[in-house]
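Everything on this sheet refers to the single structure shown next.
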Amino acid sequence: MMNKKTLFESLQQQGVTRRGFMKYCTALTSLMALPPSMIPIVANALESAKRPSVIWLSFQECTGCAESLLRSHSPTVEGLIFDHISLDYQHTLQAAAGDAAEHAREQAMKEHYGKYLVVVDGSIPLADPGYSTIAGISNLDMLNETVAGAAAVIAVGTCSAYGGLPMADPNPTGAVSVSSLVKDKPVINVPGCPPIPTVITGVLAHYLTFGSIPELDDLGRPKVFYGQSIHDRCYRRPFYDKGLFAETFDDEGAKKGWCLYRLGCKGPMTYNACATLKWNQQTSWPVESGHGCLGCSEPNFWDAGSFYKALSIPDGDYAKAAGYAVATGVALGAAAGFANQKTKSSAVSQHTKVTVDDFDMNKDKK
Amino acid sequence: MEMFSNANDFLIWVRGDAFNIALFILIIGIFIRVMEIFLLGRKKDFSEPRGTEWGPGLKNIVSRSVVDSGTFKRAPFIVIVGYIWHICFFIVLLFFVPHIELINAMLGLQWPGLPSQLVDAATVIAIVSLIAMLWHRLTHPVLKFLSTYEDYLVWFVTFLPLLTGYIAFHRMIDPYPLALGLHIFSVELLMVVFPFTKLMHAITLFIARWYTGAMMGRKGIES
Amino acid sequence: MSSQALADIKVQVESNEYESGNLDSILSEIAFHLEQLLEQKKTHSIDLRAMPWSPGDEDKLEAYLGQGEIQIELNALGKSLFYETQYSGIWIVTHYNQEDEIIGKLIEITYMPEMVFSQKDDVKDSIERLKQY
Amino acid sequence: MSERIVVDPITRIEGHLRIEAQMDGDKIAQAYSAGTMVRGIELILKGRDPRDAWAFTQRICGVCTLVHGIAAVRSVENALNYPIPHNAQLIRNLMIMAQYVHDHVMHFYHLHALDWVDVVSALDADPKATSALAQSISKWPKSSPGYFADMKKKLKTFVEGGQLGIFSNAYWGHPAYKLPPEANLMAVSHYLEALSWQRDVAKLHTIFGGKNPHPNFLVGGVASAIDLNSDSAINIKKLSQVQDAINQMMTFVDQVYVPDTLAIASFYKDWFKRGEGVGNFMCFGDLPSTSMDDPSSFFLPSGIILNRDLSKVHPLDLNNSEEIQEYISHSWYDYSGGKDSGLHPYDGETDLNYSGPKPPYKHLDVENSYSWLKSPRWKGMPMEVGPLARVLTLYAKGHEQTKDLVGMTLNKLDLPVEALYSTMGRTAARTLETKIIVDGMQGMFDQLMMNIKAGDTKTFNEKLWEPSSWPKKAQGVGFMEAPRGALGHWIVIEDKKIANYQAVVPSTWNAGPRDPSGKPGAYEAALEDNHQLHDPKQPLEILRTIHSFDPCIACAVHVTDPDGEELVKVKVT
Amino acid sequence: MSTPVLNITKGINALKEQIDAPTAAFFSSCVHCGLCAEACLFYTETNEPKYTPINKVEPLRRVWESEYTLLGKVKKILGLSKPVTDELLAEWEPLIYDGCTLCGRCSMVCPVGNDISGMIRKVREGMVASDHAPEGLIGASTRAVKIGSPMGIRLKALQAQIKHIEKDTGLTIPIDVEGADYMALLSSMEIINFPEYIESLAKIFKQANLSWTLSSEAFEATNSGIQIGSSDIARELIQRVVDGAEKLKVKYVISPECGHAFTAIRWDGPNLIGKTYPFKVVHILELLDELQQSGRLKTSGVEDKKLTFHDPCQIVRKGGVEAQPRRLLNQVATDFVEMSDAGKMNWCCGGGGGVSANERADEIRLKAFNRKKSQLEEVDVEVLVTACANCRLILEEGLEENNMDIPVVGLSELISEHLVEDGEKI
């Protein structure tokens, strides 16, 4: 069983030439969002790369992230699970169920202790362990148990990266992110609802290629994919700068591809690679298809205001606040005004007439 | 920063609760200040009027925006920079699309925005002119003499939104939610400070100009 | 029937109101690197997947660069197409996977894309195989 | 006392499902279906902009990624009486239909097939014989001996590599696997081909909705504007891509999915004799050619079939508080009117109260509450929803193509109509339905093209977009036929905000626990129907029947808060 | 020791009384731009920032802030506000009385529209009530109240002058003629220094054929109460004029060529006594202009000397009589030129607002005159015309001090010199 070849070796065995390997490296470099100048370095690293064991844990999730992975085309999900990684536990895809599935997980943990990767999708409810269980085990327990021997943890999707939808106000189940629980292992956040498949595979490819985790930003996201905002890389940005905006869906501006800022696009606050990688084999992406960015790769994006409110519009019930303020202001203003009137009228009533004799009298006093 | 686990949290707070609080204080403050003024009232004027009050009062509101040539000659810096600052500030405030969206959401009024390069240039000019005005205030004997801590506070809270706006627009602070959050927060600071400082001139100058214009109009003086 | 319906529709793409203006910058970037190639023999690659482009920009770029005199097809782990554009020294390289999906697309500013040359390892391998005959 | 078999996690499904089966010897006596994860999405929805609701509800499920989005926008449109342009209706229909085809094919190959196909056995296949088998059932081009030889080589390299990944620890070699090695190799090949195929067909969603999973929707229409002169709108290039996706779907369904289903079913005819659910079937109807207010224009009709009686299709009314009700007598919730009362979704209430065993646990307390799913009932009766319900309704209503397809299938397999009420019947119905849907897609697309040709490019109705134009209070129901069955979202809007939101979803109907009268839901009933387990340690049989329903559990678990009271009681454990 | 009758408490109370809505609006609007400094000749000629007009009203601002604003009240409770003390008022006294002529130029340039000079006038109320008025003004006020004229001129002195004029010219100067249409007022300065004015009046009324009179009880037009800034004193003095006019049942009271007198009688008077007058107040220039416009005043001959007009602040800028002097001048002069900043933007002579009566201010007043001096140098005229006896005196003094040989003439006088004599052909 323990016949583990390097990726290069197994490609060679399939009859792949050096030229083919270079092409493979070119695609992988592009996938990892590295510049083409990195191709030789990637090739070099790949010659000794081995398939890591991956345990994928699904907690409070919707399977959208796993589905997203299934849309990966470069590498394909087949390529990924046959050539790049050994996906030893993944509810949506794995053949085994029940005890057998759990044994697969335990086996992988034992065999690859200290070396396997844990991928998590979904948040973890802390309010009650009964809010989410697998095989009778609470999510928290399963996470702790599985992460113990992991080399690194990849939190795939905004739920596992930042708490996501379950954590949205009022967070009924006390959901939390992976990184708020896992402190002693490197955690790579791959947010998005779901993340772009290429980004998931890109992060896995990076680990496979370099045996390390990519450079992360303050929110634990790989900078290569999350280093720039949607807005900065949006092909509609020139229209924003020219002041040309779609005012409603389906108007002339919408048809001409003008900026969607006014329709609530959260592109300016959203760090993700949608604008360049696009979705589903570069077929399109949300802004290209006429809908503003929801901001799905950002923490708490669910609570960041209506998806159709421009980013500059305050999110609270400001009309109500203003209403109360006007009422209070009028009342307090009247009170202050009447107090002033009182001050003044008492000053008037305390007025003692000044006469020229007073000057003399004062002089005498002095 | 324990209150916020990340920049987005901060942005959500400044766009939500903080904005409401700031708006609340701003509106209440303005009402109090304006009512304090109006309820003090004016004595009835028994002198025989030579002209009316309303027309000249309203006219003065507009005409005071033009400085007399003598003053311009004596203090060209403050006049020119003052104009530039106010014009650029209003360009930025009223013609940057995100600001228009805010106004539209709050008041239901909308108008076309300007290209962001233009707004950006106006921001830079406004920032430079504010700095110049601070320098002027620190060096001109009269301004130095007149200035109180409030003048510097007001300068600061006015400068901050421009600076943070510029930073946010150019994404000079990462991540953007933090930059935008700081911008909005600085505006909220301005909103909170507004009713209790000379920033109120933005509202009361209309009242002041009207009173003076009306008083002069009554006497038949062109004001 | 439906493909006919498609063909029936007259399409006119006109007016630059639709132009995002993204093309200008890439063309000047290419020109810069072409000069570098000539003067300093520096090659350069641009990953087209990393471009923040409108849906039509890539087509427009390709149409603008046009097709030159040489085209090379490579078959390794799926197809790869190399062709020089009308502008000598500017190559467009498209890599496909075995399912014929594009997995990489680059503009290479070079006299000849590196991958077209026979690779040393493969030549060594060839020698061995020939010797086995 | 016989043993209690637990299957948890049930894999190759959406969500977290646990089955406990009380054995009587080798036979399942009682089965208990439990959803073991709760998020509280409907509680989260409260107080939000109704126009945003689709994005939240869509995240109920990333597999049937579209259905909750559609139901949500429809519920808002229904509440506000908000008409949408015809193009938008057609585009939504196309997206729904693409979802069916995508979802059903993926379910068959990636979630269900490994219950019938032994991957390890495929290593023994003769590529030549495999090719012959493949060519005998279909003209699908990828069927040469060389192709299968390559596949076999790849599989062999993989298995010998020692890291089996997703195939590790499965019940390979279980005697219940009956396919010959060649059929297994063919099925494994198609498993991989389907993975590649699904990537392409998902593009239809991406074109109109920007991405998949979780494409974008819009109350009042669709966000993708149509302008043939624009790069950045739906233009000829994109419409051709849509046509390509439809063609790809049609070809794969015709040449791979349908033949494979028939071929595999022919080896498992005994599975047409077990796994019947509750015998009642329900459809809400969907795919209007005009509007949702006009059920007569539905491509998929609504109706109820009771007790296998195909001679009568009963009407149903989603707004009638006496018809659809949800029960919680065996769910981890409380009702103010008592554990045994039933409530219509508009009046529904939910009080989250986990009373199960403290994790880690071995068994659930099936006498009391044991699931995060509620038990919806129609006039007190349990219903099965999904492909079988839809095929039966179409069949009962005399839909010609359905009758032909059902007849052809039963004929080919030499089975009576009753065979449909079974595990394999359910799986076959899904395939037949896919065929019906994919054939209907071209018509939908042609209608869209005709509209565009006639100059109608309207995709969004801005009339009621601004909340200021809404009434102070409104309520409505958005319904659809999701791939897994009838789906309804009930919304109450007050002061431009969501006051109450409730989703009653297909898997609640099918996977819900017992009701107050002890009547089991469809999963439980199906498992209790004639299931012997060959090896209790390898309960493959349970997986087969459960998978035949295509479970989607995240959808089924929900929390509502109709009264705006503090409902979530966090138990201190 | 008992408290002085005039003290800080009274002063503050007086300031409190003075604050009204406009004041509050003005203080709320000031942005400390400093432009008012550039409008004030005391600043421009000394370059001392303390003379910035808005700084002069600091005591009033402090009272406003701590008594009439919410934040100020809070600050006061917390002990953070700057109090108004006797020392402060003492320090401010020279700014208010010596360094301000109440010319109102600052009120014209303030970009937010603040009537700063109006507020300085209010500060004077507090100054008086706390015994911070300058000696000169106290003396003048005392004389005005007790003797009837700030310069101590009694009726006898006037009568002597009248006799003199009547004798010299053959004109009659009516006194106490009940039922006359016009009652003329005079400023002490005219009686003493410029009796030509009385002569002019007589000529003018004669030619216009109007019935007029002087009042033996109310001949003095000036109002030291306004200058010192005490409404109480001003009221007393105004009351005399009103009583006098009412007693003689005149229709019009004519304000003489004296700036603050016009302000006092025309604009402040009715408000001081709290009612409208039963007569109208017109300035002599208004009357002259009206007579001329209606053709009842005929002039002949013109001055061909280059001359200019110094606008008395209280008459022009603060009194609204701006066009009239120009029309009149153009009638009798061919080479009338305007100084820069003429009309409502005119610079004060430096002696208004009681400054001329305040010996302490002599030095700064002469400094301030440099403004006028340079204005005059610019136009280089042979004759300087004005319409205020006080201005005239200050101008003469200033010109002399600067060795400038330009005669100063009263406008009424100039007009009267050109009146067509009886029988003279035009």
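In this document, chain identifiers A, B, C, D and E correspond to the written order of the chains, with residue numbering beginning at 1 in each.
In this section, contacts are C-beta pairs under 8 Å (C-beta built on N, C-alpha and C of every residue); 3 or more make two chains touch, one makes a residue touch a chain.
Since the structure is predicted, the reported quantities are computational estimates derived from the model, not experimental observations.
Chemist: Given the touch definition stated above, what is the smallest step count connecting chain C to chain D?
Modeler: So the least number of steps between the two chains is 1.
Chemist: Tell me which chains count as touching both chain A and chain C.
Modeler: D
Chemist: Please report the minimal path length, in steps, between chain D and chain E on the chain touch graph.
Modeler: Tracing touching chains, the least step count from chain D to chain E comes to 2.
Chemist: Which chain's centre, taken as the mean of its Cα atoms, is farthest from the centre of chain E?
Modeler: D
Chemist: From the centre of chain B, which chain's CA centre is farthest?
Modeler: D
Chemist: More contacting C-beta pairs: A-D or A-B?
Modeler: Between the two chain pairs, A-D has more contacting C-beta pairs.
Chemist: Could you put a whole-Å number on the gap between the CA centroids of chain B and chain C?
Modeler: 55
Chemist: Please tell me the distance, in whole Å, between the geometric centres of chain A and chain D computed from their C-alpha atoms.
Modeler: 28
Chemist: Suppose each chain is reduced to the average of its Cα coordinates; what separation in Å results between chain B and chain E?
Modeler: So the centre of chain B lies 38 Å away from the centre of chain E.
Chemist: On a C-alpha centroid basis, what's the spacing between chain A and chain E, in Å?
Modeler: 75
Chemist: Would you mind listing the residues of chain B that make contact with two or more other chains?
Modeler: In chain B, 32-33, 36, 38-41 touch at least two other chains.
Chemist: Which residues belonging to chain A are in contact with no fewer than two other chains?
Modeler: Each of 73, 76, 232, 235-236, 256-257, 281, 284, 288, 309, 332, 336, 340, 344 in chain A touches at least two other chains.
Chemist: Which positions in chain C touch two or more other chains at once?
Modeler: Residues 18, 54-55, 57, 99, 101 of chain C touch two or more partner chains.
Chemist: Which pairs of chains touch each other in this structure?
Modeler: Chain pairs that touch: A-B, A-C, A-D, A-E, B-E, C-D.
Chemist: Contact residues on chain C for chain D in the complex?
Modeler: For chain C paired with chain D, touching residues are 1-3, 5-6, 8-9, 11-15, 18, 54-57, 99, 101.
Chemist: For the complex, give me every residue of chain A touching chain E.
Modeler: That would be residues 332, 336, 340, 343-344, 347-348, 350-356, 358-362, 365-366 of chain A.
Chemist: Which residues of chain D touch chain A in the complex?
Modeler: These residues of chain D touch chain A: 6-16, 18, 36-41, 43-44, 48-49, 51-52, 55-56, 59-63, 65, 106, 110-111, 114, 119, 154, 157-158, 160-172, 192, 195-196, 198-200, 202-203, 205-216, 218, 220-227, 230-233, 238, 241, 332, 352, 354, 356-362, 458-460, 462, 465, 537-539, 543, 554, 559, 568, 570-571, 573.
Chemist: Where on chain A does chain C make contact in their complex?
Modeler: Residue list for chain A touching chain C: 16-20, 22-24, 26-27, 30-31, 33, 35-37, 73-76, 79, 232-239, 256-257, 275-277, 281-282, 284, 288.
Chemist: How about chain E: which of its residues touch chain A in the complex?
Modeler: Chain E residues touching chain A: 1-2, 4-6, 10, 13-14, 16-17, 19, 67-68, 70, 128-129, 131, 133, 138, 141-142, 145-146, 230, 232-233.
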